[in-house]
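Both complexes shown next keep subunit A, but they swap its partner, so subunit B is in the first and subunit C is in the second.
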Partner chain A sequence: MPITNRRRLFFRSAAVCVSAALGATALAACGSEDDSEAESGPVSLTYWTWTPGMDKVVDLWNKGQGEKDQITVTVKKQASGDTLVTKILTAHKAGKAPDLVQAEYQALPTLVSNDAVADIAGEVGDAKSKFADGVWQQTTLGTDAVYAVPQDIGPMMFYYREDLFKQYGLTVPTTWEQFAETARALKKKAPDKDLTTFSASDSGLFAGLAQQAGAKWWTTSGDKWKVGINDAASQKVAKFWGDLVKEGAIDNQPMYTPAWNKALNTGKQIAWVSAVWAPGTLTTAAPDTKGKWAMAPLPQWSQSQNVSGSWGGSSTAVTTDSEHKAAAAKFAAWLNTDDAALQALAKESGIYPAATNAQTSGAFATPPDYFSNQSDFYTKAAEIAKTTAPSAWGPNVNVAYTTFKDAFGKAAKDKSDFVAALTTMQDDTVADLEKQGFEVSE
Partner chain B sequence: MTSTSRKAYGVKGTPYAFLLPATILFALFFALPIGYAIYLSFRKVKVSGLGLGSGARKEVWAGLENYTDALADSELVAGALRVLGYGCIVVPVMLGLALLFALMLDSEKVRLAPFTRLAIFLPYAIPGVVAALLWGFLYLPDVSPFYFVLERLGLPQPDLLDGGPLYLALSNIAVWGGTGFNMIVIYTSLQAIPAEVYEAARLDGATPLQIALKIKIPMVAPSLVLTFFFSIIATLQVFSEPTTLKPLTNSVSTTWSPLMKVYQDAFGKGDIYAAAAQATIIALVTLLLSFGFLRAANRRNKQEAAR
Partner chain C sequence: MSSLAVGKADSAAGTTPSIIQNRPPLRRRIALIPTVTLFLGAIYCLLPVAWVVIAATKSGSELFSTFTFLPGTGFADNFSDLSAYRDGVYWQWMGNSALYAGLGALLSTCVSAFSGYALAIYRFRGREAIFNVLLAGVLMPPVILAIPQYLLLAKADLTDSYLSVLLPQILSPYGVYLSRIYAAAAVPTDVVEAGRMDGASEWRIFTRVALPMMVPGMVTVFLFQFVAIWNNFLLPYIMLSDDERFPITLGLYTLLEQGANTPALYTLVITGAFLAVLPLVALFLVVQRFWSLDLLSGAVKS
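This part shows the complex of A and B:
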């Protein structure tokens, strides 16, 4: 690689923290510079989000309710997920975070712990009834406070190639045991094909599967955190996938690579454990197999159960730096509970709403284009969404997720013990909490 | 007479006035950020209670804690060893090829020299991330045309993104991208060798090979030292190739090279304090190694000159 580039990179990295800190001022500057655009009202808010088409949804507010209340919102498009968390924390350090931010559920405790997002229980408490309990609970962190309004959710489902399942004489698994049998049966009939892969790059997928099994990774008792990453439920999930990888019943290569796209598109992999947003991913990853896939509920750990996990999903939070918290909270509540706003979010941004009544109305009356063969796609999805198990996030999910990638990446590569990898994840997460000064109970 | 008139314009202050812009820029955008990073490396966060709500998180003095943690962290050392292994492949191969190409281009019989020079140099113009992406696609058995050909020919298909071959795969990207630059540096200094030196050698009956080995290579030794110096620094700071290949394979961890670990700690784990300490250590080690090498090289040169 060009040496000069590397040298530049070095200087950047040596001063990595500095640029982050210096950047804060610059970011904050971008955050507030557009405030002058708000001539129409006395309050103008800035909103950091990565949702595509959000500006059009916000236009609805600015021309309707917002105009009446004299609250103008300006959208600033951002990078998604963890990248934005880092940016918010950096901006907050300079005291210049925007008024509103989009945050994934698992990032909320990190933001709360850094005192970056405000408690808006007083302003949005009434919105609770619009959401499933398990979803709402993620924004309260089990306290009386409310730190965000849920926007979209990612209930997990099982996607499979309907035509190939028929061709190989496979039935859709309803339990994980059947799932394993299906993987083995496929290997026997077509040794060069895989039912699916275990991806060590997708921490959120594994977290969702553990959540389905009943894992509670972070809980509190009194003033102490308890980390349960290697609890019995998670160990069961880790061992299940580890055994499948070890015996070669499924692939061990990461998802979201060119090779994975090709495997889905050519039918080398014939199923995918994913979430409600999968149609969007499949549309780009496997365009040639449109109309050949079907969706079913996630396999269960026992025949009598009916639970799902979640992979992804985000919320709208108000920052502590905002000078207009009440106005910002009012907008956050409108955006995620108002019928017109939710319809626009579905149409312009293609999100799957957290608000239960929006899950079957309007845009969700017909199946996604890619699944035109499954007319009840969204009816089924809404039913599955109701069965989502509660999740338990803590203040250092980022550390756990990072350790997952390395520990499970190595275990998947070596086809070694997944439970040992889980223990590494637990130990590193606890060590990090203790290093930061959190009290951790055994 | 001129000296008196110069004095009238304040000769003493002038150099400083000329230095001022550079000094200000250096202080603002180099010394200050590095100073702040070093300051951060002596700090840490202290959380009280559950860490929820305001005032639960404070930045406190950490002393040398971040440094002792970094030095005790086996992953940082392991990363350094991985990079060492990578460097042992990259540096000799890249510089060897660069020297070979430079000598070949400099020989009298070469045809199409400008075109060849450009062709070898061109990969250097490709940004590192793009190069790594491009090679990454070629390394993935399912999408690579190479594997398609190997399969058709019934030849074995090695997994280039695992174990030992991974080092070759990563080195290949660096060699592909860096050879051209180093070749140009060496070639330029070859061009600077006066023609009469060659003439004298030929009159003494030296063959082209002897000229290359006994005249050209010793005379471009300073350029070789320079390129070696650059290459060592570049190797220690390898970041974008493994980071770009990371999503494609389980074999590259998020902390594969020391700089990746710094990045991961700062932006993955949000611990900028530990990252600052590690960055400082890496910078110091890089400085020590590179200046140590330069001093050794200078000493040898002086000895040779004395002889």
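This part shows the complex of A and C:
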């Protein structure tokens, strides 16, 4: 992409800025000047989001609170993913970014280091109490600034076929060691079946598993970035999955393919390490097995622990291009903390809210249709959400994710060394950071 | 060859006409290899299309669970779901695509015809230089121009409008190149000279004499541009943020990428992709005869 070159130049100047920001110092010098002058007259805002049904939720604002405050929000529906980040940065380069953008947590450092999203600590600081610390920390990047308001989260869980577990006499694993034993036990009893698969195309899943093990992939010390993709915790996770693939205890094919859908639907794969949004995916992937699944907390690395990782989730950010930052921040706070808004988001968009008190109320009082057999689905989910380990994202998550797909894809296919693949991922990520002009400490 | 012909001729009482009549089977046998090759090529190209056609008939629960080439039962549902999605925004996208591709290709063909004719017929200083720049433009993939074009149009405050997608696609270096080559071959200088002798204005010569000769070439340019704009993704992706102005490619992409926690709307995307191919197929069927005319006139010329 031609943008890389330009971004590289841009980064060099932004690098100092973000390093300072991430070094937990004040952010006054970073160009996101506070425009705290009171808004007067009607304001109209544009909002880029991929959440389905968001226009209906925004209607609530436009007809209620927004009408009172004379702030009208227009939704412009986008496609999700890394390409949207590129699009936002391109628009920002031309000074034409919308007022509000939806951003995945791992994309925030990229947007911050390009000075594309504004610090809205002054406007939304009070919202902090509505969210779990681990969630809120993702929008502050560990500084005093606040770059977004959390919208939805994806705490990770273990999903399994209740009926088949019973049939094969398997118990739900509570540690990863038991997980491996379960996989082997199933192979013995039904050699043509797999407990699950290691998917080399889902970087977010691996990142979540590493996060659960305590990995910190990007951290800052002083003005320098430190990349810990091959830290001890990540190596432990890579080795664990690599060994399972190598001995053939689990499958090595990617997820989200027609073949994978079929494997879930026919019971060839009987478990899935996923996140709270899994019911939606299973509804389309495995329609014939509705009501046969159950959800349990993620297996732990030691019996005494109780931690989860996260896979997915996004936030609402205000751009530096916005001429009405205070109004935009007001809307972002309403959207993600107001009870009526959160109920509408759950109903119209099917998101799992980041706001803690919304996780058990209203739409989440009853289990998802697909899991009607597990009445305490959301009570359990809310408990698991509280245990989510903090995450540590950096400004080039996209590069790390791409190399993950390449290196682990090859390793999974050849059933070779996963730890070597992890080292490749580390090296490429460090090299890219340096190429972008960031200072990286060893 | 002759022995075979004679052998058959013997059995058919040996008259000359019967020998000639017996030739076709022989020729057909020689054409076996090309036929098989073309047949394989056709299968290679048509299999994915067949997949889309069949997959479009499957309901959500059938899509990944039944045999790939077994038609499903859900086409009517898929169609109505697609039409109902966000108050029929799919048809808005279809209309947008038709506008971008139809108007864009038409304007692009006009520009190509003017400039191609001028480059082929008139001799002026810098003609070759202009043509060489155009040739370089042909080699340049339009993809890498999308972001600079966005930044330019942002300066003119034209982004996120119909114009932002139409304007950059009106000048097609390949179209101009093709028009020049075609005009040089199809419009003899003598004819232009004769027109001048008769006192016709340059504009009249172009519209009344040259243009009719250039029609088959222009149809080709139109088709190329139409398909290119219809399939274009990156330019509208960068330019547009309002999904009411999205062309079909972009619209289907938003259906596919709905965020990690929302399953992709596969049935709608597949049905949508199937319906989006139909206008292209129809266009090719209609314009096909112009293309054979194109080949024919080329052969006569040489």
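What we mean here is this: the second predicted complex is superposed on the first by the 401 of 442 C-alpha atoms of A that agree within 3 Å, B and C clash if a C-alpha of one lies under 4 Å from a C-alpha of the other, contacts with A are read in each partner's own complex, and residues count from 1 in each chain.
By our rule, a residue touches a chain if its C-beta (ideal position, glycine included) is under 8 Å from a C-beta of that chain, and two chains touch if they have at least 3 such contacts.
Note that the coordinates shown come from a computational prediction; the quantities given were computed from them, not determined experimentally.
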- Message: Going by the contact rule set out at the top, does A:Asn265 touch subunit B (first), subunit C (second), both, or neither?
- Response: second
- Item | subunit B versus subunit C as contact partner of A:Tyr168, first or second or both or neither | neither
- Any idea whether subunit B or subunit C touches more of subunit A? B
- In the superposed arrangement, does A:Thr220 touch subunit B (first), subunit C (second), both or neither? first
- Which positions of subunit A sit in both the subunit B and the subunit C interface? 2-3, 83, 258, 262
- Note on the structure: Within their complex, subunit A touches subunit C through residues 2-3, 46, 48, 50-52, 55, 76-81, 83, 87, 90-91, 93-96, 98, 104, 152, 154, 204, 258, 261-262, 265-266, 275-277, 280-281, 283-285, 287-288, 311-314, 349-352
- Item | Footprint of subunit A on subunit C - complex, ascending | 60-61, 63-65, 86, 144, 147-148, 150-151, 154-155, 159, 237-238, 241-243, 250, 253-254, 256-264, 266
- Would you pull the subunit A residues touching subunit B in the complex into a rising list? 1-3, 5-7, 9-11, 13-22, 82-83, 86, 89, 109-110, 112-115, 119, 141, 143, 145, 200-201, 220, 223-225, 252-254, 256-259, 262-263, 268, 320, 395-396, 398-399, 402, 405-406, 409-410, 412-413, 432, 436-439
- Message: Can you tell me which positions in subunit B touch subunit A when the two form their complex?
- Response: 30, 32-34, 36-37, 40, 45-57, 124-125, 127-128, 131-132, 137, 140-143, 162, 173-174, 177-178, 181, 230-231, 233-234, 237-241, 247-251, 253-255, 259, 262-264, 266-273, 275-276, 279-280, 282-283, 286
